[in-house]
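Order of writing sets the chain letters: A, B and C. Residues in each chain are counted from 1.
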Amino acid sequence: MRRAPWIPICIISTMIVMAVFAPLLAPWSPIDQTLPDKLLPPFWLDGGSTKYLLGTDAFGRDILSRLIYGARVSLIVAVLALTAGGGAGLVIGIVAGYLGGAVDNLLMRLVDAAFTFPAILFALLLAVTMGQGLSTLIIAISLLLWASFARVIRGEVLALKQRDFVALAQVRGCSSPRIMLTHILPNVLNTFMVLVTLNIGVVVIAEASLSFLGAGIPPPTPTWGLMISEGRGRIADAWWVSIIPGIAITLLVLSVNLFGDWLRDRMDPRLRQL
Amino acid sequence: MTRYIVHRLLQGVVLLCMVAMIVFFLGRLTGNPVDLMLPEDATAEDRVAMIKALGLDGPLYQQFFIFVGKALHGDLGDSIRMREPAVDAFFSRLPNTLALIPWAILLAMGVGIPLGVLASLNRGNMIDRIAGIFAVLGIAIPGFFLGILLIFVFSVQLGWLPSGRMGGPEHYVLPVITLGAFLIAGFMRLVRSSMLEVMDSEYVKLARIKGLSEFVVIWKHCLRNALIPVLTLWGVFVGNLITGAIITETVFAWPGIGRLTYEAVIYRDFPLLQAVIILKSMLILSINLAVDILYAYVDPRIRLA
Amino acid sequence: MSDETVLEVRDLHTHFFLRRGVVKAVDGVSFSVRRGEVLGLVGESGCGKSMTALSVMRLLPRGGARTVSGQVLLNGADLLTKSPREMRDIRGQTISMILQDPQTSLNPVFTIGDQLREAIVRRTGGNRSDVMREAVAALRHVDIAAPEQRIGQYPHQLSGGMKQRVVGAIAMSGHPEMLIADEPTTALDVTIQLQYLKLLKRLQRETGMAILFITHDFGVVARMCDRVAVMYAGRIVECGPVREVFEHPSHPYTQALIASVPKMTGTVERLYTIEGQPPSLMDLPVGCRFAPRCPHADERCLDTYPDSFLAGPGHTADCWRLA
C-alpha cells in the first residue's frame, strides 16, 4: 500500500481553508482599487513591503487577497460543476448500463460524440449566447465532464448486472428504477467518488481556461484564471501578477491529481486505467 | 475496407448535423437572434432584411432548413466585427494554425513515445520516476500558464526567443512547445502503460524464443502493438489540439483559427463563432477519419474485418 | 537413439520474490534429456512445470522471478552463465520452445510470413527469395495447405490449430536440437489435439531433435514420450521410462495421478481423486511435500525430504518407502 500523500493533502486543506474563511483571512478587499499602490512587487523584492505580501496588480489590488477569494471561486465552481456534470454522468451511466439495448446504444453514441468534439467550443458558444456568469460556467463545465463519468459508471454497472443480488431482486419482481436506486447506485458510489476526485483538476483548469478566454465569471470577481489573464500584458515589468496565481493553480491541480491517484489505488485498483 | 470508410463517413455526417443543430438552437435560445447577428449600429432596415433572409418570421423548423441550406452553400453568415463572410475569415486564418499543429504533433510523438518506451523499460527506477514527474506536471500546468511561463523565462528573462506573432522559425519554438506539452504527457502515460501490457504478452515471448535482438523485440514487436491504444484515443487528442490551439494562439498572438475563436468570444461575434465551431467540427471529423484509416493500416484485425 | 545428453538440468531453483514473500516455483529440479528423446514433464497446474521451462530458456517473467541456483547444461555448456547476447544466439537455433496458447503467441499486427521469416533469416542470413522459399517449405512441413497464400495472412485469419502449427514452424525454423513444448495442445479442440501430437511426433522422428514435453495429461505422455518426469510442488518426485513408470508407479503421488486417469475399458468406475490441496509454494513443508496428502506418510516423511531411490531399471522416485 502506498503511503498517504501528505504534502498534497496539506496543500488541498490549506486551499479549502482559504476558500471557506476568505473574508477572515484576506488582509484587503479583493475588489477595491488603490491606484497609488499599483504594481507593487512581493515583499521579498526591491520596492515590496509587508503591506502587500504578494504585491499588487495594475489596479492596486492585493494579490494575496485576490488569491484567497479566487480559491473560493474555484471551490464553488468545482463543487457545483462536479455535482451537476458528474451527477448527470452517473445517472446516464446507470441507465445506459442497466437498461442496455437501444437506450444504451443511443446514450453511448452521444458519449462518443462528446469525446470527439471539445466541450470548450460549446462552452464558448454558451458564454456568447447566454452571457457570462456562474450558471453558464457550470453548464459549460458539466458538458465537459458528463461523458467520461457516464462511460466509466456504465462499465461498472455492466459488471454489477451479472451479480447474484441483482438477479435476485429481478426475480423478486423489483421494478427497474427501484433496482437501479437501491441495488446499483450504492455499489457505484465508490467509483463515483474516485472519479470526482480525479476530475477536480480538470474542472479547475477548465474554469481557469474559460476565464482566461473571457468566457468565465466576469470581472471584477477574482478568479485565478482571470488574474493570470490580467497580468499577461505586464509580464515583463510585473511578473508576479500572473505567475503567482499560475503557481497556485498548478499546485492545486498537482495535489488533487496525486491525491486522486492514491485514493483510486486504495479504493479500487481495478480503476487503474482511469 | 471501403465499407468501413463509408461507414465512418456517414457517422461523421450525422455528427456534423448534430453540431449544426446545437449551434442553431443555442443561437435562438436567448430570444432574438437578430441581436446576436447584427452589429449594434445596425439600422431598422438591416433588421428587417435579416429577418427576411433568415426566415425569422416563420416557424423554427423552417428557420433551421434555411440555415442548413445556406450552410450547404458555404454561407454561415457574416462576421459582425470584420464585416466579411465568416467562412472566408476562417479559411484565411486556417493555414497559420495548420503551420503550427504538425510541429506540435511531431514534438509530442518524438518526445512522448520514446519517453513512454524508456519509462516502461525502466519500470520503477529513476528514469521511470523522472518521466512520471514530467507527465504529472505536464497535466497539472494549464496550457495558458505554461505559455506565459515560457514567455517569462525565454523572452523576458533570457531574451532568446520572441514572445509572439508569426515570423521566422524562432517564432515557432514557444507556441509549439506550449501546444505539444499536454500531448507529450498523454502520449507518455499511454505508451508506458500499453508497453508494459504488451511486454508481458506471449507473442513477445515467442519473439524472444526466436532469438531476436532486444532492439527488434522492443521497437518492432512491442511498440507497434503498444501504439494501437494511442491511435484509438486519437480523437481525444485532436480535440485537445483544437482546444490547445485556442489557448496557445491567444497567448502568443498567433493569427490562426484559435485566435479567431478567442476574438469571436471577446467581441461577442456570434456569426463568426457559429461558423468557427461548425468548421472546426468538420476539421476534427476529417482528421479523425484520416486517423481511422491509419489505424486500420496498423491493426490488420480492423483492416481485414 | 544415442546416450548422449543434450540438456541436463541440475538442482535448479527459481523463486519469485514478491512483497508478500518468496514463492519457490522451482525448488531443486534435476533431469536430463538425451539426443532424440522425448521427455514428458507432468504435474498439476501451478507445480512449476512452465517456470522450469522458462528458466531453461532464460525468459522468466519480469517482476521478481529469478533463478537463484543450479545449472542448465545444453551440450555441456551452462546457459545460466551465458551473456544475454550469447543467449540470443542460442535461442531459436540450439534450443527453442512452443508456447501454450496459439491465440496469443503470434503477433497480431504482422503476417505469419513476416514472423516466420524473422526466424529463418537468423539461421540462413540469406537473400529474400531463398528465405521466402524456405518459409513456404516450413509451412508445408507443418501440414499447412496452400502455404503460398497463408504466408501473407495475419494470425486472426487462421484457425487455432493452424496458428499452433505456425508457432511450431517458427519454433523449429532454426533446426534446434532441443525443443520445449509447453502444453502445446491444451488450448486446442480435442479433435485437433491428436493431429497436432502426430505432427509433432513425425517432425521429431524426421529431425531427431529432443523434446521436453510439458503436460498435465498422462494420456498424452503415453502417446508422445519415451521417458517421463513427474513434478509436484516445485520438485521432480519420480522419473523413468514411460512403460516402467506406468506399470510400477513408485511415488504415492504418481500412483494417485495414474489412478485418476479415466480408463477406456467401458466399465464405469469412480474417478480416483487426491484428498487435500497441494502445499503453497510460499510455505513448503520441511519434509516430503506430498506427506500431508499421502496415505502412507509417517514421522520420517514429515521431517526430512526423501532421497532419490532406484525403483526399477532407469527409474527413480523420491519416497522413503523405497529406502
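One rule holds in what follows: a residue touches a chain if its C-beta (ideal position, glycine included) is under 8 Å from a C-beta of that chain, and two chains touch if they have at least 3 such contacts.
Nothing here was measured: the structure is a model prediction, and the numbers come from that model.
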Using only protein Cα atoms, the chain sitting most centrally is B
Among the chains, which one keeps its Cα centre farthest from the Cα centre of chain A? C
Would you mind pulling out the distance in Å between where the CA atoms of chain B average out and where those of chain C do? 52
For the pair chain A and chain C, the C-alpha centroid-to-centroid distance in angstrom is 55
What is the distance, in whole Å, between the centres of chain A and chain B, each centre taken as the mean of its C-alpha atoms? 22
Okay, in this complex, where on chain C does chain B touch? 57, 59, 61-62, 84, 88-93, 96-97, 99-101, 104-111, 115, 118-119, 122, 154, 156-157, 167, 170-171, 173-174
Taking the touch rule as given, give the residues of chain A at its contact with chain B in the complex, in rising order. 113, 115-118, 120-122, 124-131, 201, 205, 208-209, 212-215, 225, 228-229, 232, 235-236, 239, 242-243, 246, 249-250, 253-254, 257-258, 273
Chain A touches which residues of chain B in the complex? 15, 18-19, 22-23, 26-27, 29-30, 36, 136-137, 139-145, 148-149, 151-152, 156, 193, 235-236, 239-240, 242-243, 246-247, 250-251, 261-262, 264-266, 268-270, 273-274, 277, 280-281, 284-285, 288
Quick one: which bits of chain B touch chain C in the complex? Just the residue numbers, please. 123, 199-214, 216, 221, 224-225, 228, 298-301, 304
